[in-house]
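Structures incoming, each one as structure tokens.
Paired with chain B in one complex and with chain C in the other, chain A is shared by the two complexes that follow.
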Partner chain A sequence: MSDTSRTPVRPNSYDRTSDDIAVVGWAQTPMLRRTEKSETQLLMDVITDALEPLSLTRADIDFTCLGSCDYITGQAFSFVSNLDAIGAWPPKRDSHVEMDGAWALYEAWLRLQEGDIDIAVVTGSGRSSTGDPTLIYPMEMDPYFLAPLGADPLTFAALQARAVIAAGIADERSMAQVAVRSRGAGDVDALLTEDYLREPLRRHDVPPITDGAAAMVLVRGDRARELVDRPAYITGFDHRTECHNPSFRALDDSPSTRIAASAAGLGDAPVEVAELQAAFTHEELLLRSVLDLGDEVTVNASGGALKENPIMATGLVRIGRAADHIFGGGSRALAHSTSGPCLQQNLICILEARS
Partner chain B sequence: MIPTAVVGVGQTHHKTRRLDVSFGGLVREAVFRALEDAHMTLDDIDAVVLGKAPDLFEGVMKPELYLSDALGAVGKPMFRVHTAGSVGGTTAIVAASHVQAGKHRTVLAVAFEKQSEGNAQFALGSGKGASLGAGGAFAPFIRAYIQRSGAPEHIGWKVAVKDRLNALKNPYAHLKIEDISIEKVKASPMMWDPIRFLESCPSSDGACAVVLTDEQGGREAEAAGRPAAWILGASSRSEPPSFPGRDPVRPAACVQCADDVYAQAGITNPREQLDMAELYVPFSWHEAIWLEAHGIAEPGEGWKMIDDGTTELTGAFPVNASGGVLSSNPIGASGLLRFAEAANQVRGAAGEHQVEGARTALAMAYGANSQYFSMWVVANSLQPFG
Partner chain C sequence: MARFVESTITFPYKRSLGPVVGAFMSALTERRILGIRNGDAVLVPPMEWDPATGAELAHEFVEVGPAGTVDSWTWVPVPSEQHPLDHAFAFAFIRMDGATTPLLHAVDCGSADTISNGARVAPRWKGTRVGRLDDIACFVLGEEPEIDGEDTGPSDEPVGRMDYVASITYRNPVPLATDRAVEASRENRLLGATCPVCGRTYSGGKGYCPIDAVEIGPEDEVDLPEIGTITNYSIVTPVQYPGQTETEPFVRAFVLLDGTDVILPYQPVIELPHDEVHVGQRVNAVWASPAEQLDDGGGMGGAYGNLLGWMPNGESSIDDLDLLNRIF
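Take a look at the complex of A and B:
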């Protein structure tokens, strides 16, 4: 494709945000192929698990922002009952995004910068096991031209995988290596003998179906240092979208990721770890390439979305894993989240320790 | 916090069915009116915030993905909010937060619903059938209000007439009932006792867009002779759907949200310091209910402001000069329409339904089981009270 098809770079030269907001803790539920618990029950557990180690209660929370998706829950207004889990009595300053919890964190990060409140809890939650992805995901496509095709996420991912392979960024072997490393299991040569699901994708290249939720505590100013010894400060946070129709995009590139990374200041200093929301093996290789992450950067040590993929929480878990790196003594970490077909929309969050 | 102003407002013509436009065409109709009003182009927009009620209303999941192109968001942040019926208001608040935090200078808030694409009544019941609909859910609250306040039954009819008369002065309003009258409302079918058909909101296709910018942008607009609406306070509150002791007639979340925006705005006497209000009134009686829950009237007294004509367009405290939700109801956009109409009132840009001399205005939206609230107070300057 010619360069004219690429998304124009629109750097953010206006940003006047402070760097005084930090992740101080987070929790995730067990990540299961299928849970019998409701989404509200999952959130009840995970919010408590995030707060208790900090000796905080729900009464200490000034703002909540939940991320979930009605279509995954299979019910309109599904997030309303989740108010029980945040304990919105007395009433709370509260919001909800029909996006991954990573974007809920973005809203809370903006909200805390207004300066009048200190503690926010954000969540991401989803029970994908109750639905059929091949029926649900075509409905997130352009309703006039793409949804009627009925193409499922696997089909779109395979189209992108072909483009990434054609560009020399990945091949089937390197993709299988990503799968083996992520899951800590399997043999590359053996995997490559298996049949395709959608050429060039095999079963090991695609994510599992996972039920789960995550909750994160975000704190402003001195409160962060009072709560933990080593807050994970958010020093860069940006997200960008692209043209929706994958056929109008250069699928061997991710310009929105690049713009978000630039705006978040990724290039200002090296990161030690990166947690990328790469549900398909080729996505990790493409994102590594676009973000220019060398071998010195540890990518998805957690296993990433290829190991556990609780949709609507997967991105927030990436940020949690990156925060864990800071809590554990690291100095700088990158987390990434995505939404839409073929990495349409991408979010970059940079977390740092501060002496 | 960065002072933030509304410098552009746009909306579609709201109708039962906008078969002439796609989803993209619908939102662009509102967006380009807002940009024209702001003397801007899409290039001036740094981030887009989209709000709408459940995706099940139209059967398009996460429509912000598909609408990224139509909204000129390619290469920019595209954010999606969903807080039930309050979502339009929350969209404005989240967009304002983008500016107030200092992260983005100029932000486009957009909300829409294209109800004709699906069956909202079905979706309101979570697709499980046997839906009471919003009227069925709210009628018990209205009966409780009437019992508590002793308000006479004609109060609901008066609101229904007033808002439809106001709608006749609003070129974008959906319902244009030229011969609206108390008799006509009384004669309309009973839907959910005591709510009659003409005391109910319509089901609309429509969109609304608002351009927000920082203090410098607001000052520049004013210097160029285009009034800005300054956000003096903005807030949201939520409470759980139901539990013993919850009061859906005077929800604590509503009272606290109002107290919060008044405190931010420096308002101690809302009835005197506010010049008008755009309140989310999908069923006539909610005007009385909300006047009280917002401290504009004392408990049990809200209906008297309706009875004596105080809330009419030419009254001392006009409510829903635009015709309100009772006249246009693209659900996801209905909240943003309140916020946009309030902004236009203090900008002196409301046209035929302008409240004379309006300098300060309150807008509110609510959602779900009367449990999600979003509000802002806007004024024609950052210090309207001296």
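Take a look at the complex of A and C:
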């Protein structure tokens, strides 16, 4: 490593360095309906799996940021035991977000821009099989007007689906088509005869419950080019949030997604692929519309969150899939992550190859 | 095959309401629904700030209703235990007459065929109201509010706080290493595990080395000495929060096992009054009789299985203040 790569940059020079930070590798655990492993064990495996192909060890990591959720684990300070997975001795620079690992990546991306360190590992992890999402998630809603009603994710998704359908952005058939394409299984006509889970949503419109974790290696400057031939450079990264209570939002739109995409430079050049964290079928159709993605853009070739939805890792996996596109020879990809009811908060990450 | 255990956690929150939500909740006890003026708009539910700009709103309340119109809805065929009704119902965005924004609430209307956008609904009030959103039991079709049972009237004082309780049952795997440590304790053995990479030894069924981040299997497990020294301790004066079972001050001690670097944290002490515990005290492990056996126990890494705690063994105390630093 050259000495200059460790020269601290001034805090106001974010713009100069922000195009020189790249994803160089990532890994995910098997995505299971219920794993026998603890979250810590999942992270031990997946961090090793992300580092080994790069010939890196935990000792090489300058900064870690983990994304997870105590409410899902059912244990206060569960992220503390997750630290056992990062080899935190001698003591490391570490942070945690009670958010999807995509936001952990955002924090690491900011941290690397300080210019004094080169290698960060971020994770997202969750064992959604621990409890009933219908009972857990209302606790994270508005405590006065939503939580006391037990307002659950399916209900919010159904109300947003109604709005998206009413706006002409989706219909039940196009939603079923998203489900069939994502899962690579099922027949649209047959699916449309099923009962509603929450009208207008049927079971195929709804994500599975998945346990799993992902880990990603983010590297700055020359170090990235030393590690891999084709780093996936983050050239745009932004996230925005809207009002917490869907009562005050236009549910047939996602202005936070639009603003984040604009700030991340989506309009500067075409993307070949987009990985969208759309856990519900109508969300993919709404996000495609808001991001103005045409048919030439391959959306969620991985199957997305409708196929595997390891909550707290689902968004980071989207960024991993987009990075895979760059690693595999692609030139520009978009990844999206979301948090909160009815796409409350949205994150856009643009990844590019560099010639 | 790992074993799974269920545990139910109750989250009993007491929430401060503040000047705007408090006014709304107080009005509910009077069977009135308040919005707050935001320019030309009337926000229901009321907010302290403009949702778009974040500007603080003047406390100019507007009574809305008593009926409203369904803006959108979905049908809940199988309610959860947290839902307002125990039978199928609609969740709906309800725009109260005079309001600009919709309130989410339940509509009790029998079947999905009876509700549609534009349907008129009115609140069914609970007879006894405490200043919570569910003072409105639900909404019903039509223009006329209803009351469930005898009306015990409004709150005597403004409502400033609300209770919120959620109870969640979690199902988590028990690591195999934990089960092996508990099993060993049934034979009055204190099981340790030695990292095959760095050689450090851990206790209490920790199935991996946190420094090398590798799993430790049964082949690297060892029996630990059952004698040690108290390095540090805390005397806990129990606060009677919900779920607290202790009533008297009690000790949690850190025990360094002889000839090892193993420290057992948060250990109970036995036959050792809390005003006599001290650093350097020599202690032996105390094992349960079959009648005293605990379940898995081990919360916060404390006693588990047949290990009940630690008792003074009569040896002279060790006079070494550096022991204080040995808590992990």
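By definition in this document, the second predicted complex is superposed on the first by the 338 of 355 C-alpha atoms of A that agree within 3 Å, B and C clash if a C-alpha of one lies under 4 Å from a C-alpha of the other, contacts with A are read in each partner's own complex, and residues count from 1 in each chain.
The definition used in the following text is that contacts are C-beta pairs under 8 Å (C-beta built on N, C-alpha and C of every residue); 3 or more make two chains touch, one makes a residue touch a chain.
All figures in this text were calculated on a predicted structure; none of them were measured in a lab.
K.L.:
Check whether A:Ile136 is in contact with chain B, with chain C, with both or with neither, and answer first, second, both or neither.
P.N.:
In the superposition, A:Ile136 contacts both chain B and chain C.
K.L.:
Using the superposition on chain A described above, determine whether A:Glu308 touches chain B (first), chain C (second), both, or neither.
P.N.:
neither
K.L.:
Who does A:Asp324 touch here: chain B (first), chain C (second), both, or neither?
P.N.:
A:Asp324 contacts neither chain B nor chain C.
K.L.:
Between chain B and chain C, whom does A:Asp20 touch in the aligned arrangement: first, second, both, or neither?
P.N.:
In the superposition, A:Asp20 touches no partner, neither chain B nor chain C.
K.L.:
Between chain B (first) and chain C (second), which does A:Glu284 come into contact with in this model arrangement: first, second, both, or neither?
P.N.:
Neither chain B nor chain C is touched by A:Glu284.
K.L.:
Is A:Arg198 touching anything from chain B or chain C once the two structures are fitted on A? First, second, both or neither.
P.N.:
Second partner only, chain C.
K.L.:
Is A:Ala88 in contact with chain B, with chain C, with both, or with neither (first, second, both, neither)?
P.N.:
It touches chain B and chain C both.
K.L.:
Between chain B (first) and chain C (second), which does A:Pro255 come into contact with in this model arrangement: first, second, both, or neither?
P.N.:
A:Pro255 contacts chain B only, not chain C.
K.L.:
Touching A:Ala158 in the superposition: chain B (first), chain C (second), both, neither?
P.N.:
Only chain C is touched by A:Ala158; chain B is not.
K.L.:
Kindly list the residues of chain A that each of chain B and chain C touches, one partner per complex.
P.N.:
71, 74, 83-84, 88-89, 136, 139, 143-144, 146-147, 243, 245
K.L.:
State the interface residues of chain B toward chain A in the complex, per the touch definition above.
P.N.:
1-2, 22-23, 46, 54-62, 64-69, 73-84, 90, 93-94, 97-98, 100-105, 123-124, 126-128, 235-241, 243, 251-253, 256-257, 368-369, 371-372
K.L.:
Within their complex, state which residues of chain C touch chain A.
P.N.:
1-2, 7, 9, 11, 13, 15, 17, 21, 25, 43, 45, 47, 51-52, 72-77, 80-84, 91, 93, 101-106, 112, 132-134, 162, 164, 166, 168-173, 175, 207-208, 210-215
K.L.:
Under the stated contact criterion, what part of chain A meets chain B in this complex?
P.N.:
7-10, 12, 14-18, 69-71, 74-81, 83-84, 88-99, 103, 106-107, 109-111, 113-116, 136-137, 139-144, 146-147, 238-245, 255-256, 259, 339-341, 344-345
K.L.:
Using the touch rule from the top, collect the residues of chain A that touch chain C in their complex.
P.N.:
35-38, 40-41, 44, 47-48, 58, 71, 73-74, 83-89, 127, 129-132, 134-136, 138-139, 143-152, 155, 158-159, 162-163, 195-201, 243, 245-249
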